[in-house]
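Just below sit the structures, each encoded as structure tokens.
There are two complexes below, and they share chain A, which is joined by chain B in the first and by chain C in the second.
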Partner chain A sequence: MSVVDERLNALRGAAPRKPHNARTLAALAANPGCRRRTLLDAAGIDKGQIAEGLGVRISIGQMSSIAIARGKGFEAKVKADGCAELLRLLREHIGLPVPEVHYHDLNPADADDRITSRLRRSQRALQASAESNEPTGTLFDHPILQLTVNGVQVRIEPDLIAFKLGNQFFIVEIKSFAILDGTADSGKVAAAAQQSAVYVLAMREMLQTAGLDPAMVSDQVVLVCPKDFSNHPVAELLDVRKQLATLKRQLDRMESVESLLRLLPPDLSFDPRLDAAGRPTRDPQELAAAIFQVTARYSPECLGACELGGVCRAEVSGMVPVLGRVVREDLGGIDSIKEAVELATGLREPDAGQQQAADLLRRAYGMREAALGAVR
Partner chain B sequence: MTVLTSLAKALAAYSMTPQQLTVYRHLHISSKPIVIVPLTLAGETNAPLAAMVGPDRARPTLIVTRQPRDRAERIEFAGRLASELLFPIETAAQQTQATGAGPNARVRVVDAPQLWVPNPAGIEFVRTLGRMTRLRFIEGPWAVPKKVRDLGIWLTWFAEQAEFADTGALIAATQAIAAVWATGQSDLEDGNLAAQMAWLAPPEGMDVAAAVSRAENPQLCPPAGPSTDPTFDRLFLEPALRDLATARTPAAHNAVHRRLTAMVEEQMRPTWELVWTAIDLLRDVPEAPRVPKRWEQQRDRFTSFHRYVADGGRPQAKRDSAGRSAHRLAELEQRMAAFEAQRAYDDPLVIADHRLTGEAFAGHVVDVDAARRVPGLRRNVLRPMVTVATGDQIHLDVGQHMYDPARNGQQAVIESVIETEDGWRIELELQNQMGSGLTAKPGSVPALGEDVTYTSVTETFVRRRPWPTRDETPWTHGGPPPDSTPVVEDAAEDWS
Partner chain C sequence: MPETMDELEERISLLRGHIRQALAAGDRAAVPRLRAELRTAELSWDSALLESDDSVPAPSPSGTLPAGMSLFPVREQVHQVLTVLGVAAAPRLIVATHEALFAGGLIATKLASLRRDEERSFRAAPYSRPYYVCAALAADQLVAVRGLLAISTWPLDRRIMGPLSPRVDFLTAAIRLVRHLQTTGELGPQSIRLLWPFTNNIPGASGPAEEFEPSRLIAAAQAELRIHEESDRQQREAAAERARRLSDAEQLFGGEQLKAVRSVTKR
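Right after this comes the complex of A and B.
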């Protein structure tokens, strides 16, 4: 075990490890400057437990049990009989000339099937397939992938199918939101594209490490969704080139976990000290003091993407970022809301870097008072 | 968003009180609004679960599907919603008046219906339910009651109207509130009606901070829908649905349905109250002067669409033809520009936005030549010259057209712009609205010392070439589109 891994395990303490998934990676890439999230995710720390330990629990990505049941039913329908329905979609909707296919099940064999052995199995299967020139297609159900994030190997267990035809791999994502009259909710499609980009990148990294051509993995992802108001599947190709470029750029820009660890005291621990029932018992103030040693980068979007969103919002209460990115840009160079108000009302003289923003605020405040005063 | 909005948010957060973004309300509020609070079943495309609907805050109509997973029950839900909505639509359509006295006078309804939903997702619900029902047949093997199809046609119309910036037909409460007030939280948090209303109308005896933190707890303040709270789904809804599916006798089924009705009512009631409180708050804000005119146009649109439906008009196609898309896009742009200009003319806080970006300026008149004439094509014409001193930062050029909101958009051309010690001196030549004589109408030329405002934003609409008819659709837009005939596949469309 490397020194970095040891330090990360020490940070997590006795709490169980929570692995990255495509959603957390996409969220991390959306806010790459957040050191707090970077470090906690790298250490596999359950941020929800930390938030609960601090008494500011918010629910993130919590899905309705009813929606989950329906989603599972839909996925089962698409995958039934060795993915017979999926094949029909690939032929008829995507127009792929699929003659016949092998179905390679990479799901866990039993409850004891360890993720490391599954990863090795997935790698062997995918690499062997990449090297062969077989004309038949192959479907890989539920492979395990891994990706280097902040200099650390992160394993991801995507709920997907990798499909190989000729010398091309396609990622197939099954989602339960509907495509209605050929269009779907743009937010959901964007999220699906983001996640798929993570998988494409992970598969490419795997091929490259094995000395194979990473371009074999297509940047066109097959999205399978229910059609209109029904439960019948429909498949569309989704171009994820843009998401791939963004993701790569952001992964490159991220600070390495190693350099982040160097800034922290060696005995630091984020262990919430769970009791037998899984409830955190550590003193909230002590836990908060530990967490706040790593800086966060809060924006309101965090509330929908990070379990610590509520914690970080409370931490920067009274500061400009809580009002959103646009306000932060408009009030460039001003950190606190009080300061912005005092600059606007003339109670405070601007610093060197604030002159321009302060002038604008002064004028805006004057106009605002005049306009409201005239009708008061 | 603009600096004024950002400043208002900062002021709101600092003082913990909402701050007005506009002096006036630029939205017409019906004397009899109809509120719809919808709930859908998670994981499906617009599977209606329940709705609270009606024009009476004290007596909402509660519609709860008897079995949300059953197609026939969904059609039944649509039918019951149709009974609630088509009646006020018909009532409004029956009361008309002439638009004028002349031979060209048309007929216009006295008042048009106005629908309210809690949030933009509610508008999406209206749109999708409209899509779901309008293409059905009213005869043949897949027949649905006529009112279900008519509901679809109307819901689609309302949802389309909601895309226009100046709409008054279908309104999302969160957006209507956000247009008038800034709260001290982000737009994202304002999207939660309960959290937004916690700033404007906190519960009795509770301060804003406490009210906001209460509003963020879905157990205390259920989400404004149409999606339900996942915890509610797990603890209450899912068991009830299971019991509903396994109930053997009608009596058992009724008992479960009563339980379901009570629990969804509890989820919708707080939102229902919040929407009505929002309407009341907005009604108290003085209405901007140009609102009645816009509402008149909205009544015209309602009148003409009602005539279309009454004459047996076809349901709207799944997708617009190229011609209709181009038409709609132009209308969206034109109405947005006009709305933006009208708001600026009506509202000193909106014009202040334009002043901050340099597209408008306010100052006082330092020199006037009211009798100035210049040679015209055949004779001399009246062109008074007005010089204005302003302290505003301007980004305007000589030759640019400016308009005076206080004089009905009177046009002026900038003749010169001179920087002075404390701002700018701008010479403007007045162009119109001074009467036809050689001396200006009283009041049509600003007086010396008068406070004036000029803006480059104009409400006048540049008439473009007339649209080609449907049969003349050019090849660039695919040529004349085929008729969209209703097809059996749509009528038989699965709704599972």
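Right after this comes the complex of A and C.
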């Protein structure tokens, strides 16, 4: 175990590990500057428990059991009878030749099938089919992929990967939201594209490590959804080049966990000290003091993507970041809203770094006064 | 009728009183028996009422099963369906086929525990039944494939699932189903609905016309089957050869997954 892993385990304490998934990776990439999220996610800390320990619980991405059952039911239907429906869709959309129907089940074989052995099986199967000249693998059901995110190995599990011999791997994402008359909820499609981009990147990384051509993974992903109000699957090709570029840039920009750890005291721990019932028992002030040693980068979007959103919002209450990213960028160098108001009204003299923002604020304040004066 | 309406009413109220008393006294064990007696008394009261008044329509006699319910036990019903299909199948297909071909009334949830029950029975007294509903085996690890049911009397290679086998079995099932329906002359709307996933998902199976053509489905399935058949057979036979080294129970219900770490720690 490396030094980094040891430190991360110490940060997590006795609480159970909560691994990354494609959704959390996409959310992390959306706010790469947040050291707090980077560190907590890397250590596999359950942010929901921390938030609960601090008394600001927000639940993120928790689907109702009915929605989950529907999603699973639809996926089972698409993959039923030897992926019959899926094969038809793939033959239509990516021109899969008829002889290529090989199916590899990479789901856990039983309850204690370890993820590392599934990862090995998946890598073997995918690489063998990439190297072979004959069709040996076409459909890979729930393989495990691995992605390195700032020095930490993250394992993710796409719904299915399809391989067209002599051509390309396609990530297949099965979602249970409907495509109505050829259009679907744009937010959900965007989320699916983000998530698929993570899979594409992981698959490319795997091929590259194996000395194969990463371009074998298509930057188009196959999205399978129910058609209209039926349970009948249809497929669409999604271009994820843009998401892929964003993801890659942001993962590169992310500070390495190792350098973050160097800034922190060695005895720091975020363990919420769960009791037998899974409730945090650690003193909230002590926990808050520990959490606030790592800086966050709050923006209002966090409330929809991070369990700690409420905590970070309370922390920066009265400060400029609460107003959103655009305002924060416009008011660079100014920390609190009070300071900004004083600069605008001329109660405070700007220092060297604040001159530009102060000019902007004064002009805006002048315009506001003029507009209101006309009304008064 | 052995009892008059008055006697029955008295008995019903008496039984109700007993149930209440039993509950109050905490004697829960007696309650089910009393409830059953109450139920019988109430039913007799109902039929006595019908005899006295002909205008009330008679409900269906409670002793018989609802229409279309098979009298066979679940494992017999599954055996029937699997014999028609001739390949290992998932509960969903088994239930749908049973509904279209036989009396219906097979419920998917009942199939969930069937394989486990059969395995328990086999391990307790091997080969005491003429056949067992057993598992299909994954060609690579020789473990039971999730959610597939098969019959123990089939040749072992038919129960092996290689990479091509899901598709081969799908096509085989299509051909066998159509043939079965043709011989029994039951190509009605219900069986066409059963065949719809096959017609829809086999290239060339659905004609230009909306009408369903059995011969076209068979021809299309056979055409695709010819492409996969040979290599699938080789893979299945090779895996079956390996599987014969397993114990009898493991051949039927799947071997243990290889777990190097665990066996070392257990030693």
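As a working rule, the second predicted complex is superposed on the first by the 347 of 376 C-alpha atoms of A that agree within 3 Å, B and C clash if a C-alpha of one lies under 4 Å from a C-alpha of the other, contacts with A are read in each partner's own complex, and residues count from 1 in each chain.
Here, a contact is a pair of C-beta atoms (placed from the backbone, for glycine too) under 8 Å apart; a residue touches a chain by one contact, two chains touch by 3 or more.
Everything numeric here is computed off the predicted structure, so don't read it as measured data.
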item: Chain B versus chain C as contact partner of A:Cys312, first or second or both or neither; value: neither
item: Touching partner for A:Pro226 - first (chain B), second (chain C), both, neither; value: first
item: Which superposed partner A:Glu301 touches (first chain B, second chain C, both, neither); value: first
item: Which partner reaches more residues of chain A (counting touched residues only), chain B or chain C; value: B
item: Contacts of A:Val101 with chain B and chain C, given as first, second, both or neither; value: second
item: Which superposed partner A:Leu360 touches (first chain B, second chain C, both, neither); value: first
item: Touched partner set for A:Thr136, first chain B, second chain C, both or neither; value: second
item: Chain B/chain C common contact set on chain A; value: none
item: Residues of chain C that touch chain A when the two form their complex; value: 90, 92-93, 138, 141, 143, 145-146, 163-167, 169-170, 197-198, 200-201, 203, 224, 227-228, 257, 259
item: Parts of chain A lying in touch with chain C, wherever the complex brings them together; value: 80-85, 87-88, 91, 98-99, 101-105, 107, 109-110, 112-113, 136-138
item: Residue ranges of chain A touching chain B (in the complex, touch as defined); value: 58-59, 62-71, 176-178, 180-182, 226, 228-232, 300-301, 303-304, 318, 320, 322-324, 326-327, 330-331, 337-338, 340-341, 344, 360-361, 363-365, 367-368, 370-372, 374-375
item: Chain A partner contacts - residues on chain B that touch it in the complex; value: 1-4, 6-11, 13-14, 20, 23, 41-46, 128, 131-132, 184-189, 216, 227-228, 230-231, 233-234, 237-238, 241, 286, 318-319, 347-349, 352, 355-356, 392-393, 493-496
